[in-house]
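Before anything else, here is the set of structures, which you'll find just below.
Two complexes, one shared chain (chain A), two partners (chain B, chain C).
Coming up: the complex of A and B.
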C-alpha cells in the first residue's frame, strides 16, 4: 500500500517536473525551430514545429545584416565591465553594512534600497542629458556608468555576509588580517554562491538589455547585440522571423553557456541561505 | 571554480575597463569628425569642405538594407556630402530618441518621422520649414501625390515630405471567392454577404473566417471615414464620430460580423503576423492590411491573390500611414541636408528604387510616370491598386494630441472587440477622455 503510494507520488512528481520543463523549454525550442525554417514555413498556420529542411543559411544571413562582430564586442565589453565594477563596489559595501556599526548606517542602507526601487525608465532622460553634457554620449560609458553599483546585489550580499559568524572575522583580526584581506580570504570565498548568483543575474539583465542602450546610443559603432537583432525586424509589412530568430539564438547562446557553468553555484546559494 | 571566478573578475576588470576606454576614444574621434568637418585628421588632400550629415531612420530588415543602399548611392554621387544613416528602432522608438536628442542638442540633420507624430514635433518648432528650399530648387508642391501630403503642413509651414508611405488595402484570396462564386466586395453590404458566405464551421468551431484585420486604430479609422465621420472634429475640440452616430455604426458593424465568424479579430500581440499567417493558409479569405505587406504576401501564397480598395460605406476612404522625412531646425548643414532630401524626393536614383523594391507608395508625379513604375504596375497590378486608392486618402486624426488620444482609442477598441463591453457606454467614456486631452 505505502509502496504503491510512494510510486504514485514519484510518478506525479516526474509528471509535474516534465510539465514545468516543457513550459520553460518550449519557447526555446520554438525559437530554434523557427530559426531553421524557410520564410514560407514561418508563415504557416498552424505553425510547423520541425523544419522540413534545416536552413542553416539563416544564421549567415542574420549575421551579415549588420556589423555583428562590433555588436558582439560591445555587448561583451559592456556586460563584463558592469559585472566587474559591480563586484568591486558591492563587496566592500555589503561588508560594511553587514559587519560594521557606524552612525547613519540605517539611513545609508535605506538609500541603497531606495535606489533598488526606482526603475530606470523614470530617470533615463536626465541621465542621458547628463552623459551628453559630459561629452561621453558617443562612447560605451553611458551603458556602463549608470550600472556601476547594484543595489539589489548589495542587499543580497549583505544578508549573506550577515550569516557568516562574527567569530571567524574576529579570529582573522586577531591574526592581524586587514579589512581587505578579510574580504578577500573570508567573505568572498564563503559567499561564492551568492556572488555567482548576483553576477549571473547581472549578466543576463545587461546582456539582454534593449531599452537602455537604445536610449543611450546613436551610432552603430557603440551598439550592443540586442539592438542589432532589433534591426532585423521590419517596421511595417512582414518580418523575416526565421532571420530574427537566428539572431536570437546567437544572442542567448552566451547566456546558456554561462548558466551551465554557474547553475551549481546558484542552487547552492539558495540551499545554503535556506539552512542558516 | 572559486579560483577561476576570482581570476575572471580581475581579468574582466582589466580588459573590460581598458577596452571601454579604448573604444571610447574611437567613438570620440568619430563624433569629432561628424561635428567638425575641418578637423585636420579628416581630409588629407581634399580641398572642398566635406560635410557629414546624420540621417535617422526606422527601417529594419530588408527595407533597412534598401535604405542603406540608397544612402550609398547618395554618397557615391556626392563628393562633398557624406550621409551617415542610423537605424533608431521602430517608429515610436525613433520619436522617443528624437525627443531626447533635441533636448540634449544631439539631434540628427534629417530624420524619418512617422507621419502622425509630425504635428507634435512641428508644434515644438524643431522642424525646418522646407518651403524656401523647395522654391529655390524650383520644385512645385504640386509635384507630390496630394493624398500623401495630409501631414506635411503645419501652420502653413511645409515641415515634412513623404518618404515611405503606405495605406490600408483589402487583400483577397480570390481562389476562395471564386469557389463560392463571389465577386470581390466593394461595399460594406457586399463585404458582409461575402464574408458570411465564406465562413466554415465544423463541430461548433470556426475553421475559416470571412475576413480579418490587425489590432490597430488604422482600420476603425478607415471605416469611420467611409461612413463619413472624421476622427477629430473640424476645430479639434472633440472627436468627429460620436454625435453623428458614426462610431456606433462602425463598431456595431464590426461586432455583428465578429459574432457570425465573418470577422476574425486577432489577439492584440503580434496581430499583424497572425492575420498574415491565417490569410496565407486560407483560414481567412480577406484581410484589411497595409500595402507594405503586398510583396511579402505575394511571395508566400499559393492561391490567386489580388488587392482591392477597402469597401465603401457611403464613400470610399482610407487613411494613410508610414513615415515622412523632415529636416531638423537645429541642423548646422541645412544646405547639405536639403540636398539629401531633394535627391531622395526627386532624383531617379533617389528613393525611387527603394519604393519600387519595398512596396511603399510612389509619392511624386515623376515617380508615378517613370518607366520603372509603369513596368512594375504592368507586372504587379496589385501595387497599382494601392496607388489608385490614394485618390480617396483622407487623414482626420492629425493633431498634436493624437499620440495621447490614440492610447485611449486603443482602450476603447479593446473594450468593445475583446470584452464585448457596451458600445455606447465605451464611446461615452472615450469621448470624455478625448475631450479632456484635447482641452489641455
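Coming up: the complex of A and C.
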C-alpha cells in the first residue's frame, strides 16, 4: 500500500468519525443553544445556532415555573434509592447464582431471565392497582418499589462474578471470612467496572423515566423532574422552547456528571467481557 | 500441631464416586506429599481436609477432633493454591493481614506479625504494592506468607510450584523444606510431579483412581515399590517391567540397576539387544535397548556405547523386583520369590 492510499484511508476514517460525532452532538448543542436564546430567536428563520445574547434568565424562568426544587429532590431521592436498593439485592443474588450450588438454582435463574424479558407495559396496571391498594400512592414509594430488583443487573453481575476464580473465594473462606465479607471485600472491589456500568444504566433510565411517574403521581409534591419539565410545555398554551430547553439542560447535567465519573470503569467493564 | 486422619471416607461428585472407604493417617509435624496422576483424587483429599469440598461419608479428624461440621476458616488450616489465589484488589499487606483481621487479631499484633513474616519471605519492601506489580515468584511468596501468618497447625499446598519456571521451582523446593523444619507444622502437599514428591516428602502417599497405592518414605517407595503402578510411577525413566512367562507374574528393574556390557555375564537377568536410542544428559546417559523380549531403558553414569551397537543388559539378583499376577510386590521372604528368580534365570540363560 502506498503512502497516498494510507492517508486517504485515514482521512476517510476521520471524516466518518466526525460525521457520527456531529449526528450525536448536534441535538445536544441545539438544546444548549436554544436554552440560551430569546423567544423571538427560537422562531426566527433561518435558525441561529449561536445566540446573539445568552439568555441566562431562561434558566431562572424555567426553575420558577413550578416547584422545581421539589421535583429535583424527588428525582434524586427516587433514583438514588433505586440504585442503592438494586445493589443491595443484586450483589448477593448474583453471588449466589455464580458461586453456590443449590437445588433449583437453574430454575430460579431462568425466572430472573424471564423477568428481564417481560415488557414493563404488561405489568404496569396490576402494579398500579397494587400500590393504590397499599395506600402509598401519595408517597415516593410507588416510584421506587417496582424497581428494587434489576434482572439485567443480576444477569450481568453473575457473568462477571463467574469470571472470578473459585480459589479466591475459597482462600477467603479459609481466611475465616464470612460470605458477606467475601462479597464486600473481594467480589465487589473486583467487579467495580461491572457495578459502575449497571449503576449508570440504572441511573440514566430512572432519572429520565417519564412513563411510570406520569401514571403513578397525581400531586406536585411527589413528581420528578421529567414531569416538571414536560409541564413547562403546557404553560400559557404556547411552546416556550427556550424555557423547555433550559429545563432539559438542568435535567441532563447530573447524567453528564455521573458519566464523567464512571466512563473509565464502564470502558473497562466492556473491555474485560470482550477478552474473556 | 495436629495429625490428620481419614476414617472410611468417601467422596462423590454428582453420583460419580471418586474416593471410596479411604483410611489414611497423616502424621503430626511431617511433610506428607500426596502424589498421583491427574484425576487420582489427591486434590479431593486435600480439599476435604480444608473443608472446601466436604466428604460424602466418613469422617475427617484434625488433631483427633472430628472437623466434618467445622467451617474451613475455623479448622486451623491454611492453604496455598496452584494459582496463588491472591486477592488482586488488596495490597500485599492487606492480603497477608486478611485472615488476621477476620480472626480479630489486634492491630498492633497484626502489624508485628505481618512485618515479621514479610521480612522472612523477602516481601518487606513490597508491602504496599498491589499483587499485579509482582513477579510470579513474589506472588507465590505472598500466598505463602498469607498462609504462614495465621500460624496454622496444618499447611495444605495444592501444586504450589507448578506455575513457576524450572529454576525457581528448585529454589522454592528447598525453601519449603526449610520452612517446614522451621515451623514444625503438618504439611500436606499435593503434586503430580514425582520429583517434587521424592525431594520434599517425609512420607509419600501415592494414589491412583481414588485408591492409595502405597504410603511410605521416599526411599522405601523407590526401593520397595508395593505394586507395579508404584514401581512405574516413581522414578525417571520408570522401572522396566516385563512378563515372566505363563504364570502371569512380572519382573522389573530400575534403569540404573542394569549394567551394559559387550559380553554376557552370569546375572539372573541377561539379554542381548541393540541400542536404539541414546540420550546424553551430562552426568548420565540413558540408553534404550531393543531386545527380543522387549525394550529396556538403561541409565549409565558413563557414556560408553553408541546407537546401533549390540550389548548385553544384565541385572544382579539383588536389584530385581517381582510382581504377582495381581501386580502386587512379591517379597523376598515369600516362597514364590525363588520361583520367579528361577523362571527369569531360565529364560535369560536358556
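Here is the rule we use: the second predicted complex is superposed on the first by the 257 of 276 C-alpha atoms of A that agree within 3 Å, B and C clash if a C-alpha of one lies under 4 Å from a C-alpha of the other, contacts with A are read in each partner's own complex, and residues count from 1 in each chain.
Methods note: a residue touches a chain if its C-beta (ideal position, glycine included) is under 8 Å from a C-beta of that chain, and two chains touch if they have at least 3 such contacts.
Fair warning: this is a prediction, and the values are worked out from it, not measured in the lab.
Of the two partner chains, chain B is the only one that A:81 touches; chain C does not reach it. After overlaying the two complexes on the shared chain, residue contacts for A:189 are found with chain B and with chain C alike. Of the two partner chains, chain B is the only one touched by A:239; chain C is not.
Set against each other, chain B and chain C touch different numbers of residues in chain A, with B touching more. By the document's definition of touching, neither partner reaches A:32: not chain B, not chain C.
By the touch criterion stated above, A:177 is placed in contact with chain C alone, chain B being left untouched.
Once the two complexes are overlaid on the shared chain, A:132 sits against chain B while remaining clear of chain C.
Put simply, chain A uses residues 189 to touch chain B in one complex and chain C in the other. Residues 165, 167-168, 170-178, 181, 185-186, 189-190 of chain A touch chain C in their complex. By the touch criterion given at the top, residues 50, 52, 71-74, 77-79, 81-83, 85-90, 98-99, 102-103, 146, 150 of chain C touch chain A in their complex.
Of all the residues in chain A, the ones that touch chain B in their complex are 39-40, 43-47, 65, 73-74, 77-78, 80-81, 83-85, 87-88, 125, 128-129, 132-133, 135-141, 144, 188-189, 192, 195-196, 199, 214-215, 218-222, 227, 230-241, 243, 264-265. Against chain A, the residues of chain B that register as touching in their complex are 1-2, 5-6, 9, 12-13, 15-17, 19-20, 23-24, 26-28, 30-31, 54, 56, 58-65, 84, 86-91, 93, 96-97, 100-101, 103-106, 108, 164, 166, 272-274, 276-278, 280-281, 283, 290, 292-293, 295-297, 299-300, 321-322, 358-359.
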